[in-house]
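Below are structures written as structure tokens.
Shared between the two complexes below is subunit A, which pairs with subunit B and subunit C, respectively.
What follows is the complex of A and B.
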């Protein structure tokens, strides 16, 4: 099997974001990591190939720095990587999907594609759907359990209130992974060393014929959300604190 | 007047409060309430009272059985009724259907938005786990977005609510087939849509101790959540996890019991209206970023709070 895993290089959730200009952010001093949900996709792809044979190709659309994240994915067991380079901080998801498809067309289509359920930077939750539509294959997102059969995949997803839905998809398909699917492995030192020698090919996004002016989602402004200024700490003994809390929630906040 | 479609979600033959909230977000436009998963006739009166000019019975043809068919049905309704926008709830199902519909229709989508301007075609939404707020302009023929649950309060606005049967005629199920729907405990409220959430952290210390939070939640009509630490320790299942790699919630009241307050946790509950924290450690980071705090042992405070409610 040939499996693509689409991995995004994103600021760590714990990083402090500083806005630059109207609609950008400063990258200096920010720690970048693999999008957390993508790691479940990498692990599932590697596990699948370990069992069935084949190769795992990491596919990333991002800046040159994304290569570090891709090396991390290769240390987890992926075989090689393709980096589609762009300098844009926020790329329209439909254009990202076009770029991913073009790179796949060039490399030869796979039997499956994994992504994360969404990315923690722009949180737009749609690239995998745009990619599936472009490839003309089925997609399931927020997948927390997966099994493969002859020409098909059976995926389970949580749908809220403790309900789950079991979907059958014909292969090839796109699977958006989430927590529960597996436990992503921590690469060992020899794997990290080996990953440094694996093939990582770079392509400029313009060479794939993607016209960045065709985006239809325009980020106009980015603003820092002020944090709450700190709790009003309730005083007195436990009963007094609880009585005051209940009064506040009923009378002042009117939320119960 | 611009026509807006709202994808209505129902449960137990009633319209979900969160769907009524989404209708309020489209006030000032001619609202077409699109009912696909329940009885449109039964929902008509409620929908009319909340501003629906037209109540569309999308199940009239009974053809929608897969998520791709649901998306195709939305696209068909947009065409049939000349809708210039379709909004829905950012629930698990809503986010999925809208993403499919946007890809199918070749339209941009804004998922899980916190605010919108239908005339300007702009939305406000979280970037970087709630640390920044982005304003996006969608260059869309049909403006598609899902709205974070509970951000808009339902509002009374009597309209005609004319019932219309519409068969979207989506015969092709596509490549995704629903094999089974496993129903969870019928009493379990959907965490992402609950008006009040009570969450337990590592300090809950054992799966059986979540019963204490269940009792408190029952008094409040709340759903019970868990921090990542509690889930990873095996005290709660992943469906209950709030925060990054879990669910995003935005209730009017969020009570965090024994939760330390990591950035990843705040990513999933920051837009709650009122946040209360109960923690034994007076220096827990959660106290720096919540509204009301009680320093104390959750095993002492929570049962007494439950009594007082």
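What follows is the complex of A and C.
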């Protein structure tokens, strides 16, 4: 079996982001990681291949720095990687999907494709659908349980509120993984060292014939969510406290 | 609850890490309650949070051990007071060696631990295996166990001191970023923050790796640079048991300890990655940096080699963060030179938890008492931080060498390899051409020994006789028997002048410096307690003009000490002339003969008596010739303006040709001075010891009017001494000694060696030590004992000398 796992290179959610310019941020010193949802996909793919044989290919559309993140994914057991290089962190998901498809076409289509249910940086939750459409294969997102049969996959999909629906998809298909699908493994020292030597092919996105000017969604501005200020203790007797609270809601917060 | 920034505080501490919290805590303990700690984001969010929390008491010097011991004790007790535990667990520590040099070093550390009263005993491989079942012992030569040390939780430790400080009245403000300072002459009058301005009487800079750039704003030197620092944590693994000792694999640059059922593996590696040369982000909070796998790979390999089961362990976390390191791997503490009531407490080199409480305590004492009352800590004192050290290229190039230094083998005479050739004397290239091997002292390249033709001038380090031993011995003998020339341009010299200069010197010096023009006075600068703050010579150049010479390492400190002693309205002006003068010592029985060949000056005893100075012609140069000798032989120190230096050197070498003059390095100067019994500050004499105790009573003039320390010395004289510095020689010519080896009197541990070297003339190792006797110390009592020194676990008889082993009456310098 050949399985592609599409992994996005994203800032660690704990990182402090400093906005630079209109729609960018300072990357110096920011720790980047594999998109956490993608890790469920990596684990599932590696487990499947460990059982059935085959290979897992990490496929990333991202900046040059993504190579380090892909090494991390390979340390979890993936066999090789393909990095489609772009200069931007935020790409129209449709273009990302086109790039992913083009790379797969070039490399030879797989039997399955995993993505995360969405990325934790841009959170557009679109790429897996666009990719499935481009490939002309079925897709299930937010998959928290999966089993494979002859030429098919049975996926449990979270539909919100704790409800699930079970889908049967023919292979190949795109699976958007989420929490619950498995417990992603931690790498071991030898795996980390081995990952450094695994094949990682880099392709420029332009060389795949992707025209970035064709994007229909672009990021206009990036703003930091204002930090929540600390709790404020109201002082004085109850009446005074109420009066102060009303004043704050009316004058400072302008909500009443 | 939002707390407002007060308009004023007696003490403002900048930085809410372990050091800021510890300083606040100890200040309140000393009764200073009006203390405000300003933290940029959250307490501990800079570097404290990422610490490993190792509490290992044994360090290289007694001063450092006093600091580690304070933390060790406080972290076990503070919970009683604050209800916030530090998480201290007494796990013990194991060190082991996989190389012969390390094995030797561990043996030396056993002796050192004895001197410091720390249990550090050898253990066999069976015990090592039993305590650390996971370890691969195959290549281990020896192992030592320190059962009393342990670990704390770094954040809880800082918090516990923060709780204690708050309880005692200190105010701690988070989310308050320091932006600037308001200064008035040499004081900080207010600290400007993003929440407003707070006035203060006194300020402590405890801002970790942010301190360098804040220091620039304050106009002080805080030479530190961040490096990446990393550790790994595994998932729980079999064999990792709670309470296991900390395992230090120093040859592998690693330490291991148990963490939540798994292992935490940390590194002190060679060639660390410098970080934040330009700036450290001000929004940094518990930040992790991207890891560099190429850098981590050798560490992972070493970890698997030591703990083979790590090959199968899942790595839960790789944490790469940053921490500040200093050029000499020591902290930056004390009242900043040139400033008043401005203190630094930073540059922790990744041992801020270990020494946090100690640094906080000493800083608090500095503020309240004016000096670190619980013991001086010169090696970490900010008066060794010269302004040139703020040079960013120097810091960036040196910083990567520092982290690996902690676990490196501490060979005697070990030199830094990075950031060399910072300061060089005008003779440097001439000495290099003649085979000099240089060592660096505060950036200054000094010729330590000379390689003969055909030999590479390069240290081959070992704990035994190093490759230069015999060459240095020949240099030593050249000065004892013929004539040698050494370059001590690194010595510092000041010109102190003005109508009140004499009065200032009389106040701080033990000796009477009101001497005739041309006279050289050897004296100590004292503190109120009679302790020795500096060891200098003062030469009177004119009625109101003095030439002061001190060791190169102490220039900033001694300059600052004199500056502070000058009353505000006094007519007295101090100038550091060190960069203006180079100095050559021409020493040995044939020194006169040599000099006479290139001068017309009368160098006879009558024409140029010992202990006098005047300008003479030497070749085309006109140096100030000072007839003194640290080597204890006939000779002159020639202080020459730098542009005349090279010419003077050539003239002297030419004149000395027929005599067989030899260039002499500083290792020989050290062994020469030890044979002659001359003291060295701070090895043998320091602020905690008086001239009377140090056997320098001859340099104190009690007939002089009031001077600093006079009263204390009179009391000491009256009550009789309880400790005294003596010189000793090791009877067996084989062992080499360096410092802090334990000394026994009648089989009982009584002291430690202050500093030792091999005396090539007397044919054995020489050292000094303070002998103590609560009932009073007399020469009879001293000579009554049978003495031994412990070297690498072996006892060697020593002979105590009440005066110098060589030329006890000092006649040779006066011949």
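Everything that follows uses one rule, which is that the second predicted complex is superposed on the first by the 231 of 256 C-alpha atoms of A that agree within 3 Å, B and C clash if a C-alpha of one lies under 4 Å from a C-alpha of the other, contacts with A are read in each partner's own complex, and residues count from 1 in each chain.
As a convention for this text, a contact is a pair of C-beta atoms (placed from the backbone, for glycine too) under 8 Å apart; a residue touches a chain by one contact, two chains touch by 3 or more.
In this text, all values refer to a predicted model and were calculated from it rather than measured experimentally.
Visitor: In the three-chain superposition, say which chain, subunit B or subunit C, touches more residues of subunit A.
Guide: So, of the two partners, B touches more residues of subunit A.
Visitor: Could you tell me if A:232 is touching subunit B, subunit C, both of them or neither one (first, second, both, neither)?
Guide: both
Visitor: May I ask you to decide whether A:122 touches subunit B, subunit C, both, or neither, giving the answer as first, second, both or neither?
Guide: After superposition on chain A, A:122 lies in contact with subunit B alone.
Visitor: Does subunit B (first) or subunit C (second) touch A:186, or do both, or does neither?
Guide: In the superposition, A:186 touches subunit C alone.
Visitor: With both complexes superposed on chain A, which partner does A:109 reach: first (subunit B), second (subunit C), both or neither?
Guide: The answer is neither, since A:109 touches no partner chain.
Visitor: After the superposition on A, what does A:144 contact: first (subunit B), second (subunit C), both or neither?
Guide: first
Visitor: Pick one for A:68: touches subunit B only (first), subunit C only (second), both, or neither.
Guide: second
Visitor: Is A:32 contacted by the first partner subunit B, the second partner subunit C, both or neither?
Guide: Only subunit C is touched by A:32; subunit B is not.
Visitor: Is A:196 touching the first partner subunit B, the second partner subunit C, both, or neither of them?
Guide: Second partner only, subunit C.
Visitor: So, A:206: does it touch subunit B (first), subunit C (second), both, or neither?
Guide: neither
Visitor: Determine where on subunit A the residues touched by subunit B overlap those touched by subunit C, and list them.
Guide: 14, 16, 230-233
Visitor: In their shared complex, at which residues does subunit B touch subunit A?
Guide: It comes out as residues 67-68, 91-93, 95-96, 99-100, 102-104, 107-112, 122, 125-140, 174-185, 188-193, 196, 220, 238-239, 241, 244-246, 252-253, 263-264, 267, 270, 273-277, 287-296, 300-301, 304-305, 308-309.
Visitor: Along subunit A, where are the residues that touch subunit B in the complex?
Guide: Those in contact with subunit B are residues 11, 13-14, 16-17, 19, 23, 25, 36-37, 92, 94, 118, 120-126, 128-130, 132-133, 137-142, 144, 154, 157-170, 173, 178-180, 216-225, 227-228, 230-234, 238-239, 241-243, 245-246, 248-249, 253, 255-256.
Visitor: How about subunit C: which of its residues touch subunit A in the complex?
Guide: It comes out as residues 1-2, 175, 235, 281, 283-291, 293-294, 296-297, 300-301, 303-304, 310-316, 320.
Visitor: For a test of understanding, state which residues of subunit A touch subunit C in their complex under the given definition.
Guide: My answer: residues 12, 14-16, 18, 29-32, 65, 68, 71, 185-190, 192-193, 196, 229-233.
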